[in-house]
């Protein structure tokens, strides 16, 4: 489909819509709708600092450009949409530009996304050089020549997707944006990179690069672990969620890696399983991540707090938000019968099949190992979300603002309930979703393979669960008619009533796990006790935890600093203001040109 | 379906019902008794758990003023999950009709049980008591360490069977090495998952290292009954899986006729229960900080199993 | 015979330029410049007589009047008005500059085959012209005062003029005029700017004009 | 009828008006109107070139290249003079020493300046080409010195001296090229077309030598690294309208001269040397400029360095011999850069400072400027959907196709650094919660012209289509080669 054939010099303003594009368009719609419903209510509490018209324009532009990205048929149009997407999201991150840290976040975001675009540009130019075409569908590059452009393009996409080690911008930029925007960015925008990966590397043979499968698998595994590990350390709810995006991107990449390995070793089932897992998880993550971000936004809007250490007890004050958030958490922790489980189960199956049919011992063992790895990640995610839900919504409020919170407006509630329902529905109706996925994976081979691979009767289990819980509930109701339960204080060991301070803090909750993995980020806890006779009757005991993200502190920051310093020196030396110096440059240049031109 | 098979399946389902209703609490009783014997006590009667249940059900329930819906619904979800898992998982070697095989997928089962755990942890945080947080935090840590080992072990077993359905796994013979290694790993993880010695002491209460008991500290009455029963079921499931796995190492195990097979499984369960009790009698509880090292054993064992499986398949 | 005369005159120009590298007195520099130009117009005349081209004589006249009289007078007047007499170079050592000048002269001499036009009768002047250009650069680089930089610039132009004169079969007269006119205007504007600089900086020492950097 | 005379009527009339001080009160408006009238005139004169005709008379040739750059120059001049009708009178109120004479002299000089820049792309005669550029240099020097502050004096001196030296080299080069045609009888010619015609029997050694010197000279004028040093000083100290004209028109003129010479080189089969010199020069200029953009403290200096970068891009375009992209990118760059300089003029006037550290909160205080500045920043850094993106992209494509992979990589890196740097600096000025402007002006009105230019560049980005590309290649094709 070609709208204006005269656009963009030689590439044409052409769209190509196939099942894959439709899938991602659906994702955009499914995750975008709640965000748009949520936005009006949410933006009200920002209206003093943010120009709403600007936000709306940028928001709509973001949606349109994302649709453009997944529909673009050629590289140039794709790049245009890609850049418009980046710029509009940049505008949204800077929306609250009077706050210093959101300015900083915006700049970091811009730098990262632009660096990614640079990789893409070179990669696309290279591909065009090799194939002589801008149209994706006409690209067919294989052999050793394909490696360099493929890796360049992959680097660019990985930067946008927030895959380790290019993920640094993500946990900084996403929280800085208004909540609905964070939902869109985390839920959908980073997925556009996944879309291109699938389009170029997985679905059709545009790039045949054997090395890419293992790379995706390894980077995915690292990202998933890294993301959840750092999420566990966060106190800012939105930041925590952003780190979980890194985790889930990792999971999706693992799926793609499995698919590529399947192709490399001619295992059609594996190929389809991996791709299906990746696509399904992409959709799921889009839903529950936007749900969770909206929940965080609702909490932020109703309490003006984002530090979870100050929250608590919202279950009584914001029941709907709590319910939706718990559902989302259960989904992101891959608990049956929700959608997260369905997609992760597919991935598990993929690993298992790889372990069974893998050609080499190393691969088989690696696959088994990855099963354990995924389990570890899942368990960490559970720990993290138990912490988040427990500290934010349960227990006693830890600050007056949290005490005074009230449920969010109707629109915001609806916007949260909607995806929550979808989380359940997609889990229960997983076979139907697979049916849709079959239309995409059928390009890799017989789709019936995929349907047969889905064995577990998740619907049945869900029903059983519902019935059993219902039955128990009725039984308990019957019992409590004879002797009703009584309400009394939480047991406080007889030391007078419990204040909010007696509860576990988020830091305290995460401490054991953080200590176990302390080596990854040099986790330290220093406790100091003040007061005379400190041994027995201390006046004050304080414990502070600290951690250091080596990637930032040891790699990126020094790099950027040195670049800036070198640039400064370069400028000062060269542009020192002395006209004689400039004349000497001219003379030197004369000599150089003379040498090149005459000799 | 012929008459013989009908009888057979009828018999099986009755058997299964008995398993569900009697065995769990009985096993708890056996363990307690054995432990008491180890400590030179007479100990409570074997059926004490049943009496406890009855007692809990007739007591008024006290719910913290601070508790929300999560606290109230957790016991029901936890019990429901445990019951469903107990029905599906072949922890006594009694297999459901083959049509049910896909439902016994071990990933499904484990994550289903995790759902119960997830709610238990939330409920522990719901009341705002210090113990709840402590217990939940440690529970999260332990399961973070235990689950990978469990899944790798089961995966290694499943590799032999070529399917991730527990029924398929336990109805087909496995190589003894894998079975032994995986089984040993599963025993350790079971101890951790069920928070028994040496990871946690299920009998203590006001001691600041407890895990499971700390989480359910606020429960009483029928809720406590449900939780206790769910715990008993989970104990049976995990021990049962471990026993089944270990028995895989015994070549004739699959050849045995049904009743003997069943009897052997029960015997194994009881033996494991008693040996756990013995262990709890003679072992001291580990320092909290050295729990990870203990669970590393499980991981290593299951990794060895995985290596062998990867080489053999 | 003329050829040798032209070569001699050209060499004289170059030598004058080298000498200018060494002197620090502004007046001397300025008159050295006009001396160069006189010799150049001499070359003009010789060429004109040889080719019997009236254009050459006109050119010689114009060059003489503008570059040998007009500009030097203007510059020396300017120097008087700003009462500056000498420009001690950047290194405060004129002999170094002198030696460099000699070096450049030799360089130009050796570069002759690279720049000379094979068909022309007097090849040597090409090298001299190149040397003049180099020396002009040298003057601008080694001098402190704006005024002596103008002198250096004009030396460069003399070099170009010499090359055009001897290596081409007669540039279009109109163009030559245009170039001369440009030089004149340029010098005038530069002079004006120089006066302004002198007014607001109280000096025309360009080494102290380093306010704009980075 | 000589096209040059036709288009020089109105500028000349403005220059003459400028000679009479008592016109000071209405001259700004008159100048604006004159150049708005100039637009249709130029359009009419250049029309034939678009249909493939090229009018030659009296040493002037209105060919495609000439027409394109005449139009660009006119656009730039019109925008600059319209804005100066707002800026200069406002600025004059602040400056007590500004006499009517000086004020009107601005218009005389800029009239002649623009004339000279008209001449550059139209003259055929290399000598007159040189004279035109030198004239432009000399006329712009007093314009840079408009404010007569110490800094502007210093900038003027550096500009005057460095550019004159450079230009002198260019003259030398021109003479050498003239001398290079001793071989064929009938005396020498300086007409580009004739030189191209019998380029075969030019002495290659002398031609290469001449081109080297011309490149040095005109490169200095264009601001190729490391000959750019005068450029930031001049651009930042000149009044913004003059900076706009320098960056939008004069820079192009120097590059057009290089383009003309490159045509001779191509015809003489020296394309190897051309590549060997221009491509590295362009790439190095781009990357050096981007590095220098990392640390900036002054709004206008930043824009100046970005001009250096674009000079590098244009040099690259000439180096790979793609005339249409040269025209296209020159057009886009001129539009956006002029818009930015004019905006900067308003900002500097209103906030009373150029220092990025002291600017801030522009978006909050004066939203129109804030948005326009940000948009311009993205445009100049080559983000879609602005025209610069398309032209840079096509440039990169052709360079890659020409096998200049290293250069392409360097340029992409340079562009990346540039975008990040420019946006960061712009962000410092635009975002945040700064102080209110020192003088309040009619922001909307002052934003009008830049906004129009930005919209134009946006359209230029959208409108690039095969027909347009054909027109462009025809324009370039008449310029010879490509």
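Labels for the chains are A, B, C and D, by order of writing; each one numbers its residues from 1.
Rule of thumb we're sticking to: a contact is a pair of C-beta atoms (placed from the backbone, for glycine too) under 8 Å apart; a residue touches a chain by one contact, two chains touch by 3 or more.
Given the structure is predicted, the values throughout are model-derived calculations rather than measurements.
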Core chain by centroid distance, with centroids computed from Cα atoms only: A
Identity of the chain that, by mean CA position, is farthest from chain C: B
Inter-chain centre distance, chain C versus chain D - centres from mean C-alpha coordinates, in Å: 31
Chain A-chain D separation of Cα centroids, rounded to whole Å: 45
Chain A-chain C separation of Cα centroids, rounded to whole Å: 70
Between chain B and chain D, centroid-to-centroid distance (C-alpha), Å: 79
Touching two or more other chains - residue numbers and ranges from chain D: 157-158, 161, 165, 169, 205, 209, 232, 295
Shared-contact residues (touching 2 or more other chains) in chain C: 114, 137, 140, 206, 209, 211-212, 214
Chain B, residues touching no fewer than two other chains: none
Chain-to-chain touches, reported pairwise for every pair that qualifies: A-B, A-C, A-D, C-D
Complex contacts: residues of chain C adjacent to chain D: 114-115, 117-120, 133, 137, 140, 146, 149, 153, 156-157, 159-160, 163-164, 167-172, 175, 178-179, 182, 185-186, 189-190, 192-194, 196-197, 200-201, 206, 209, 211-212, 214
Interface residues, chain A side, partner chain C - complex: 571-572, 575-580, 583-584, 586-587, 590, 598
Chain A contact footprint on chain B (complex, rising order): 57-58, 60-66, 68-70, 73, 76-77, 79-81, 83-84, 102-103, 105, 107-108, 111-112, 114-115, 117-118, 121-122, 125-130, 132-134, 136-138, 140-141, 143-145, 147-152, 155-156, 158-159, 162, 164-165, 206, 217-218, 221-222, 226, 288, 292, 299, 302-303, 306-307, 309-311, 313
Touch list for chain A against partner chain B, complex: 312-313, 315-316, 319, 322, 326, 330, 333-336, 341, 345, 348-349, 352, 355-356, 361, 364-365, 368-369, 371-373, 375-376, 378-380, 382-383, 386-387, 389-391, 394-396, 455-458, 460-461, 464-465, 468-469, 472-473, 476, 479-480, 483-493, 498, 500, 502-504, 508-513, 516
Touch list for chain D against partner chain A, complex: 157-158, 161-162, 165-166, 169, 205, 208-209, 211-213, 215-216, 220, 226-227, 229-230, 232, 273, 276-277, 288, 291-292, 294-295, 363-364, 367, 378, 383-385, 389-390, 393-394, 396-397, 400-401, 408-409, 412-413, 415-416, 419-420, 423-424, 427, 431-433, 462, 464-467, 469
